[in-house]
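Two complexes come next, and they have one chain in common, chain A, joined by chain B in the first and chain C in the second.
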Partner chain A sequence: MGGRKDYLTKDFFILMTPAFILLFIFIVYPILNTFYLSFFKWDGFTPPQFVGLQNYEKMFGYELFRTSIKNNVFLFITFLPLVTLLGLAFSILLHNKEVVGRNVLRGIVMLGMVMPLTVVGIVWMLLLDPRSGIVNKIIELLGGSPRAWIQDPSTAIYFVLLGSLWAWLGFSTTVFLAGLEGIDKEILEAAIIDGANPWQKFRYVLLPLLKPALIVVVTMSSIYILKVFDLIFVLSAESPPLYLSVLAYLVYYEAFFRYRWGFAAAVATFLTIAVFVFSIGMLKRMIQERRVE
Partner chain B sequence: MVKVSMKYKVTINIVAWMIGILLLIPLFGLVMASIRPFSEVVSGWWILKNAHFTLENYIDVLDRGFARNILNSIIIAGFATILPLLVSGMAAYGFTSFSFPVKTMLFLTLVAIQVVPQQAVIIPLLKLFRDLGLYNHMYGIILVHSAFALPWTIFFLRNFFMSIPKDYEEAAKIDGLGSVGIYFRIILPIALPAIISVAVVQFIFAWQDLFFAITLLRPENWPASAGITKFVSRYNPNWGQLTAAGVLTILVPLLVYVALQKYYMKGVSGGIKG
Partner chain C sequence: MKRGVKKVALLLSLFLLGAIVAGCISQKETTTSPTTAPTTTEKPTEAKPVEVIVYGQWGGSEGEAFMKAIEEFNKAHKDIQIKYVQQSKLRDAVLSELAAGSPNFDIAILPWPALIKELGQKGQLEDLTPIANKYSGQIMKDLLEPVNSNGVYYGIPIKAWAKPGIWYNVHVFKDNNLEPPKTLDDLKQVCDVLKSKGIQPMASGAADKWPLSDIFEAVLLRVGGPELHQKLMRHEVKWTDPQVIEAFKIISDLLKQGCYGDPKVAIGEKWEAQVARLGKGEVAMYFMGNWINLMLQSEGYNPGVDYDLIPFPTINPNVKPAIVAGGDWVIVPKNAPHKEAALKVAEWFAGPEYQEIMVRQKGYLAPNLAVPKEAYDPADYRVVEIMKNSVVVPDLDDNVPSGFQPVIWDALFRLWANPDDYQKIAEDLEKQAKDYYSS
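After this line comes the complex of A and B, so read on.
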């Protein structure tokens, strides 16, 4: 990346300053300040009181924090493989020239991504409703017994999983499709002429070529599911759905229901670090490919 | 070329379209529940025998002030698209055309900031909003959305600007234009397709926001994505109103998406991949 060296000009500062003022005031400073506040006991009104690492110690022994971690982990280990594999399978299907109306299908798979997650939540509340939901009707037809999926704390997490999958499948499919379109057809045809069977073709030719897309999908999906919030909030009409709490929801609950701002800042810091850990792989690759210079 | 058998062709078409229909059923349910009486929804919105259709739910929802929520959404998402585009386009061009110390570091930081959860900033933001009197004002939340849009939009636009041949700029420089002039007169018009892609993605993204809305605004100023939660009940939902509000909430982003689908796809796959 070249560029002019005479950056000490009026024009340079006119171009750059507005963006960096906004970024500093509304993102960089608040992140650092959240970290700073996590060492204080503070209700948001009276003066903050320095408590050292107490918020973090309290956090790890806190029942609701453990529930949140448990839910985050469950969603992560179910959502990530599902959204990746389904996206991969669907993109291969949609890439196939023999499928009629591919563009319409591409449009359909993206619909969930265009909707606010609160509406996605409402849609799945309707489908999973114990009395009138289509999911229970299908289960009954298949000889199973209906359940109160969302109202029963032991199954409510599937509501979050299904909603997230339906909303995010469009993303993984689209990224894989873009990856597939970038692959030279001659490579695939050469593999077939060489006598590769479909599995070999997928495993030794397609998959290595799709690695960049795979990294994007895995990273962005990990971050997406770690940040899940809306599908839990949408259930909070009668009371906070604490059995479904996740880290992002816990920050909200501690700050807005219990006014423990210092403690909420500690949970927020933990969540931020977790998110960064999962984005390291992609950042590293970007540096290697010199895409950030 | 490998010859394709008819059986294979029929099979993959059936599989593809079955998945497509499966993905559409939830949306079909949303629409059906919103235009049918409560009793028919409870006994099964998918049963089309003896179906009655009504717009009553929509009238009820609008009577309860939901039009205001939609208007709030339009204002917030609209300005939260225009402002960051203006700012990020300039910065992206600055990154493209100048070379300066700590540039790589700065750019890397920008890329890393993309993933920051909204919860990571909310507590200091609330204090800031209280101190500056921004709380419960739409321009406050517009500024926050704009800041959060900058990292990925700068990244996306910089990548596009890099692909523009340098000849255009050289010619303009001879004519005596400065960098700001070159950006607005030469680069911006060429970059219009990229700008539209970014705008569509950002508009839909801002429209979806819930967290900043519920924390930085009082309910009367909530956009539709947040306002819709007042119709929700975990145990005793009024399906008609709930789903009618849902349809109204997705109407605008859906229209934008359908009209500009090509740009949206480019924005989604290109914005993150770079």
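After this line comes the complex of A and C, so read on.
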């Protein structure tokens, strides 16, 4: 085996150049330009004016930024454990060949994953419509009063969470299912012979072997929930109430409603760094796991 | 094989770099010289008509009516053809294309006079004063002036609308022996009667948020008149002013009384769905702009027979009657791809010929006063008459500083969800207004 950087040959660079060019144009340049723009006061039309760190200073004292952070944090701390645990539970259920209607259930769980988030939003809006939605009809049949669940400021955020879970459950289930399929049956049989009960089998055999899948699920789900925008946008009829604002919406609002492109760039930079720091941490762990393997 | 792959990679890299350079050059050419005269060596070809792209947000029956007017223009003009592109996110499309420096549209129809003025001041829009001068004395002054900056008109109104009052279902009122309310007390009594009969007294369209500011403005105008309305728009009075608080409280009381049905359900009602509910009599009254006249007629309801219109009930008898009216303005970007043709089309939109075609299709009020009275549908003309007998004020939330509009909508939405919180909502609005008006 050669050294770690043996692949960095002339051929490598020639072959990678087209990909690097595209990556630079569509990913690196916009990120760098956004970062650069965050030091300017710019309305999009008149010449930008350099303001140093002023946009960042303003950002931390801005009420809507704090609301957005609060919503992002709430979604993050609720979505992440739920999508992981439910994905794990469903994958174990679907992995068991004795479960009746396994394929139908698999299709239902995957449905959210194959549908665009905008469609997911519309489906939820129809289900929860206060007059014609099936959820409220059932509530009425049970003697309750219908409610505009998605629009109500006290419940709206829970439906963003629910919609996100439905959309992402398919992904986490698929990844865990792939992890389970890759586990050698003999290991599990050996655990049973050694007298491990179902909990011990799960805790000391399955979970450690599912760690790579777990890291993928946590990383991808974290990136999604930190950047969540489209679902909120659709659920709130393309005009999200500011109490439901998240960082990604704040970028849009500041750029297109207040024409504070420099300020929007500062929020976008903050969001990019948050996503970057989190993903780098998780990717590092993933690489470490691979090395251990 | 390996050499072949490398060659492909190199060629692909060169192609990508070439494409980038070519893209930059062609962009520069388009923006610096939009039209070039044919050279003498070129073969003469039949002149292709210039396609003028018009961005707007009119859809549904309004969009169909507009398409018919465009067809008339296209039939009569072989050299210019109008192509209408409906933009559901019109503001985003226009702003991002203008910011990019090379808009793909020649004309945009915008309902935001404050934005038009701002864009004009920033050098983004063509001066349309020659068109305003051509129709001097014909165009409604109340609609022309909001887009005037230092004597330059950056937009021309091509459509007027008004929020004249409450549309009501005639059959519901007749069947329940009710008279349309003239005062706030009448309105509350009517609400009680309708509620007891299981009919939702009023609809709000709260899920779309913007209709709430129309209701708030109607109440504000009846509490403090046009002066209070205009002062609040300019933030010369606070959102915590006693008269403003009174307006909030009146709405809060109506909500708590159940005039808008159960607030927990009302906040989920979309505005367009309420038009059909009004026609069917599921809801008795609806405060909405004149455009629902066309919507109700297209669903088979007859004005004066199935539905009618009353001004918003009086609250303070000492204030002058006033209504909110606004419009849609055409703008031409400085870097429009076909500027000359765009200016000709804008001139046609501003004139009586186009506007009469639209008025005859109902639900459209012409800002060009040369359109004859006979062209109007009786219900539309009723709105024109209400406008004539009232002080006309511009829409408050359309004319506040950029970004403050969704803050107002948000606050009113919170009021609908929690009517008891009106004092806190007003205080929050005042706190935020300071930031928006100072930046």
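To be clear about the criterion, the second predicted complex is superposed on the first by the 244 of 293 C-alpha atoms of A that agree within 3 Å, B and C clash if a C-alpha of one lies under 4 Å from a C-alpha of the other, contacts with A are read in each partner's own complex, and residues count from 1 in each chain.
The working rule: a residue touches a chain if its C-beta (ideal position, glycine included) is under 8 Å from a C-beta of that chain, and two chains touch if they have at least 3 such contacts.
Note that the structure is predicted; figures quoted are calculated from it, not measured.
Engineer: Give one of first, second, both or neither to describe whether A:85 is in contact with chain B, with chain C, with both, or with none.
Structural biologist: Neither partner.
Engineer: Contacts for A:43 in the overlay, against chain B (first) and chain C (second): which applies, first, second, both or neither?
Structural biologist: A:43 sits against chain C, while chain B stays out of touch.
Engineer: Just chain B (first), just chain C (second), both, or neither: which does A:256 touch?
Structural biologist: Both partners.
Engineer: Report for A:77: first if it touches chain B alone, second if chain C alone, otherwise both or neither.
Structural biologist: After superposing on A, A:77 lies clear of both chain B and chain C.
Engineer: Determine, under the contact definition given at the top, whether A:151 touches first (chain B), second (chain C), both, or neither.
Structural biologist: both
Engineer: So in the superposed three-chain picture, is A:242 touching just chain B, just chain C, both, or none of them (first/second/both/neither)?
Structural biologist: second
Engineer: A:229 in the overlay: touching chain B, chain C, both, or neither? Say first, second, both or neither.
Structural biologist: First partner only.
Engineer: If you tally the residues of chain A touched by each partner, is the higher count for chain B or for chain C?
Structural biologist: So, of the two partners, B touches more residues of chain A.
Engineer: Quick one: is A:129 in contact with chain B, with chain C, with both, or with neither? Answer first, second, both or neither.
Structural biologist: Both partners, chain B and chain C.
Engineer: So in the superposed three-chain picture, is A:277 touching just chain B, just chain C, both, or none of them (first/second/both/neither)?
Structural biologist: neither
Engineer: Considering only the contact definition stated at the top, list the common interface residues of chain A for chain B and chain C.
Structural biologist: Looking at chain A, the two contact sets intersect at 11, 14-15, 18, 22, 25, 44, 129, 131, 150-151, 237-238, 241, 256, 261.
Engineer: Could you please specify the touching residues of chain C with respect to chain A in the complex?
Structural biologist: So the residues of chain C touching chain A come out as 2, 5-6, 9-10, 12-13, 16-17, 20, 88-89, 91-92, 95-96, 98-99, 119, 122-124, 206-210, 262, 264-270, 273, 402-403, 405-407, 409-410, 413-414, 417-418, 432, 439.
Engineer: Applying the document's contact rule, which stretches of chain B touch chain A when the two form their complex?
Structural biologist: The touching residues are 1-2, 4, 8-9, 12-13, 15-17, 19-20, 23-27, 29-30, 33, 41-46, 87-88, 90-91, 93-94, 96-100, 103-104, 107-108, 110-113, 115-128, 143-144, 146-148, 150-151, 154, 162, 178-180, 183, 204, 207-211, 214-215, 224-226, 228-229, 232-235, 237, 239, 242-243, 245-246, 249-250, 253-254, 257-258, 261, 264-265, 268-270, 272-274.
Engineer: Mind listing the chain A positions that touch chain C in their complex?
Structural biologist: Against chain C, chain A makes touches at 11, 14-15, 17-18, 21-22, 25, 43-46, 63, 128-131, 145-154, 237-239, 241-243, 253-254, 256-261.
Engineer: Write out the stretch or stretches of chain A touching chain B in their complex.
Structural biologist: 1-7, 9-12, 14-16, 18-20, 22-23, 25-31, 33-34, 37, 44, 90, 93-94, 96, 98-101, 104-119, 121-127, 129, 131-132, 134, 137, 150-151, 166, 169, 171, 174-175, 177-178, 189, 192, 212-213, 216, 220, 223, 226-227, 229-230, 233-238, 241, 247-248, 251-252, 255-256, 261, 264-265, 267-269, 271-272, 275-276, 279, 283, 286-287, 291-293
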